[in-house]
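Down below are the structures I want you to see.
Each of the two complexes below includes chain A, the first together with chain B, the second together with chain C.
Right, the complex of A and B next:
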């Protein structure tokens, strides 16, 4: 029994998990200090509000958390998947926006489709366009050795401006400077979720996101395809040596990554929550949140699911915090601080390792007569 | 007799594990004292103790008869101890001169004053015939030159006790020879040298006395002149080691691999790294490509295996033209490749051992079904190979490759390549950096392939390996094959002449 429990605590998974938790604690403490500085008298109340997050408003709050978490789980998966295959997809924003536009366009214009599949086609369009946008940095990387970070950043701008242009030209509502509303048949089904989480804008998007998490987990860990992708990410030279087509895999990896981000865009803008594509010169923040989510989840699909939910949780807390005269932007600072600490997760990992080593040494010193030969 | 260094009864522990267990090392003034031991015997730990990087649990260090405490490398430096590390510690975008004075710059009001330093460095360089260009950038000079910079660095701060940590591992035979001369000159001037190595020939050539370590324990100190190589290797390994590879008469059959007029341009320089090379390897034969590092051997192998594009030429495997085939197809046709750089090409270091063992076969029906990996089959297979090839690691098949020792990493690659039952094995420096036991094992495996009627193409920089193992030798010099030799008919010296380009016996037919 005891030894079994120990082995859980020694596992790599535990170390990863606890390093993320440490990062979260440090980030929250930093956030508390910020609250203290800006308004000392209300800091404790505000901070408790953040911690309670989605649990303040009963089921509505929980529903809101799931709603906020859905798109960032998708972009988080997009970034995390690329990380696992050795690529840094900083272009999730562009892919997200492009996917969102494709979904909204289909949702507005293709009303000739039967109502039952209208939203499905819209999602497929988002996947397709997201993949297309993602493939550009992939192709440039594979065949011309262009760093994907640079080309993906450029694709963010290209995506944003083209979408602005297309919205203006085809689906523009000039009064509100945004896209017109999508047809009712294109809005994602609620599947009864609106009854369970009354008042929240929740729909089946969260199920789709969870499905994607499982899918990506299976691809990465169970299939030959995932084995190839990870091998290329970890060591492209050895992959080439082993006869793996590393160029094809770089492109495919970016295509999948882009598809995930694009789908994320569709899930947000087809939610029927009153969100429209606005014609603003701002790069979609969901893509960058995706980087935070992926970092905090250590690029593990399951980790990303939970870190996405957590970020959703404190985002809702951030809105509620406004009751105490705080601006909701404070929550962005806290998320940033958590991600900062998350980037230090390597440091935390080594710290945890050291503590474990010390404990192990003590335990071994106690046990007499165990002579283990070990190579230096 | 006065000793310059006395390390008495040094014990250094890491947790439970004694890296050094009651080791005594006594170095006389003006001698080359070799420190011999296999990988992991505790040589580096002992030197790190002397250099102040580790603090020993027990034992004392005396320098020139006085007990000292060395807390860090600066203390060691003050005591006149200098070290040339196995992996050089140089700044690549510094010039030679800047690298040498680094940490001991002379300044005038915060402005560097290099004139004095330059004068002293040039004097030293001339004295030891180093022929060094003080204004060349470290990144532009050869590995041999970089080592000279490291040596100059030690001499520049007037160190009297010099530690050389496996200095010959990265050098060509000629450079090794030069280094030996320099070492002799240094001791003649009264400096003392500790020479860490596991190459017996070099000890024989240059060392006066030799201390042997094995598995962290002190085995003994001997006079090199009175001891044979066989005795030394027995002390080092703890059993009799056969330094000569045993093999039966060659029984060559048809050509397996045929290379015709191969030309490869180097990507970096645009020069022809391999010029119009032709040869064949037959069944039951070990063909060795000898040559000094950088004469086109690496490119030749990259070209044959498909890692580098060819400019012209043709490659046949059992009569089938495989010039244009993909790497995977070549692999399926029966080509096995033990790469030069096992970390870069041979292994995915962050994958587990079992994942690495199926690097070329994961997609076969044995290990996958409908695109899903069969983890049970992979584990079983890995266990089988681990047993068959005696691969040792801490967690068996689930060990991460990065954490395995070099010898066992190489064994893993060899297991993976040979178990595919290839027609031809292309092995590039398969024993580089490995200890005597592992070398013996890997050589046996290659000979077993040959005896089973397979072809082996071996690329090696080490003359001993070339002479011992090969049935036929081709020598490469500046991208061309300059000799096709029978190892029984030539001497090592002759081979060295071919390698240096001083002699050639094969006309380059067009």
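Right, the complex of A and C next:
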């Protein structure tokens, strides 16, 4: 009996994995068709560039992949964590921007802090502000039944405009229309990574992201709190009936989700890679990438880590592809196609799952039948 | 009086696209399919429509060009929405995910195609559609300057669409069936209504209207298209919720948001507001903050269609 249950679980993991792979293959194929239509002579070269991604220029390329993957792993975790509680946090962009602002502000203004903890305080500030922004849709959802998708989108715009205002009033470099540079002590330590991946702007941010992946995995799978959150996601009414405070959980889930996205913003803007908060009316794209990462990773923290790396990989591939006169937005088209196929392969997944369940039931019935036969 | 006319004319530019798209969303949601892809569909419709204008503005001009562009934008929106319909009706996929995929696809596609063809992602167009004053009607006192001066033909197209759509969903056999599919698809199916067909119709109508809405939004408010409609698709969904999925209330909600948006973008032309010491960014957040506040009050007693977002499964009847 025990071994049988184990084999079903094995099968489930396999089905999840294969459905994601299927979605990726479909998305890449679609991307190839787009390349083929727009420039047939260079399509194969361009497509190979996407596939090779970070491996085109050695260790620098791999470092670049890790660098691009860091913030989207964080926003992916943010979106995925909310998904587990049955919430769609499309507001990761706003939380990301708000967190980035908090980190940059602390990084510029709070130079009275000792150099060794300056960057740490900046990260904490980002976590706090991200959590604060994330809590708004959570509270509105829990107490006023406001659809979190709409309220989170509104928060994206509100966050973007307010951050623009704050940047212009407090930390503005009018010549470049962006924030001034953060103090050297606020930039994340490199910990020797700059030597291993020479040329890439890599730092301990990737370790922090991996740490968060582990932390979220433990919270979701090994704690009562995580169990309650998942129960709320699967059936809010049943969990309410079982005595779980579902309102508190909705708010907390959004708070943690916002904190993760905010930290992601800090990790990107404190990387010391020449990235500044720009005063533009554009919503941070990292939040939307986080949605793709979470969907592709099936909201599983470990899956999110790998899908973040994969999207980082093809993003670097997209930049390299410009050598062949292609536009890097082709990558966004491919990612959108992957997400769309992912929605379809959900069906594929449940189908296989059903077949497996049927088989297991049949086998069980057979076993019971033979047992009865023996008794008679 | 001049300022009042100005505000009303500006409000039209913002409210009409919202109205068109929200009415489209109503058709989709009341048939039982959540269409969060409206933003992407608007981008797609606006992109192809503006591109059409950009190419043909030397050979055709004026209102005919605009009407043709509106038709094309609607057709593109309808075709693009088929992807969402297929995923959510045939494949029983998660409608939010499929909609999100479309939202991500549209701007990427628009930028990619624009840059591959013309090098830059912005598509400029010449505004030859502006009507300073409609003959005869524009001279009517009060109503003339409000509705028939400084306007676009799209305003009247939008009002026409609203009237037809509001009538069709309430008074026709198709409208009744559509509403039944959104409330209780099992019951509709049991009396011989083709639920999948009706839902396809609902999504396609929403796609056509969103495509038109995208173009109608860009034409009066800009002279180039930059692969964005500034969150209007999402605002339209907020209008739908605020309007409680009923056409009459949606009309009022759309104009409420239109006024908010006018305050946000044209406050510097309104003397009272210009003298206040409030920064530009705060004005820009007004429509979004207003949305949040309005949703707080209107979400508690939500009259959303019962079967909204749930794929119809014949076996569970």
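Basically, the second predicted complex is superposed on the first by the 339 of 376 C-alpha atoms of A that agree within 3 Å, B and C clash if a C-alpha of one lies under 4 Å from a C-alpha of the other, contacts with A are read in each partner's own complex, and residues count from 1 in each chain.
As a convention for this text, a residue touches a chain if its C-beta (ideal position, glycine included) is under 8 Å from a C-beta of that chain, and two chains touch if they have at least 3 such contacts.
If you're wondering where the values come from, they're calculated on a predicted model, not measured in any experiment.
Peer 1: Just chain B (first), just chain C (second), both, or neither: which does A:44 touch?
Peer 2: In the superposition, A:44 touches no partner, neither chain B nor chain C.
Peer 1: Check whether chain B or chain C contacts more residues of chain A in the superposed model.
Peer 2: Counted on chain A, the partner with more touching residues turns out to be C.
Peer 1: Is A:337 contacted by the first partner chain B, the second partner chain C, both or neither?
Peer 2: Once the two structures are laid over each other on A, A:337 reaches chain C alone.
Peer 1: Regarding the shared-chain residue A:191, is it in contact with chain B (first), chain C (second), both, or neither?
Peer 2: neither
Peer 1: Touching A:33 in the superposition: chain B (first), chain C (second), both, neither?
Peer 2: It touches nothing on chain B or chain C.
Peer 1: Would you pull the chain A residues touching chain B in the complex into a rising list?
Peer 2: 222-225, 227-228, 230-231, 234-235, 237-244, 357, 361, 364-365, 370-376
Peer 1: State the interface residues of chain C toward chain A in the complex, per the touch definition above.
Peer 2: Touching chain A from chain C are residues 36, 83, 87, 91-94, 96-98, 100-102, 104-105, 107-109, 111-113, 115-116, 230-231, 234, 237-238, 241, 279, 281-282, 284-285, 288-289, 291-292, 295-296, 299-300, 302.
Peer 1: Which of the residues in chain B come into contact with chain A in the complex?
Peer 2: 14-17, 19, 40, 42, 45, 215-216, 305, 307, 326-331, 337, 339, 344-351, 355, 359-360, 362-363, 367-368, 371-373, 394, 405
Peer 1: Can you name the residues of chain A that touch chain C in the complex?
Peer 2: 34, 38-39, 88, 90, 136, 140, 144-147, 149-151, 153-158, 161-162, 164-165, 168, 281, 288, 291-292, 295, 326-327, 329-330, 332-333, 335-337, 339-340, 342-344, 346-347
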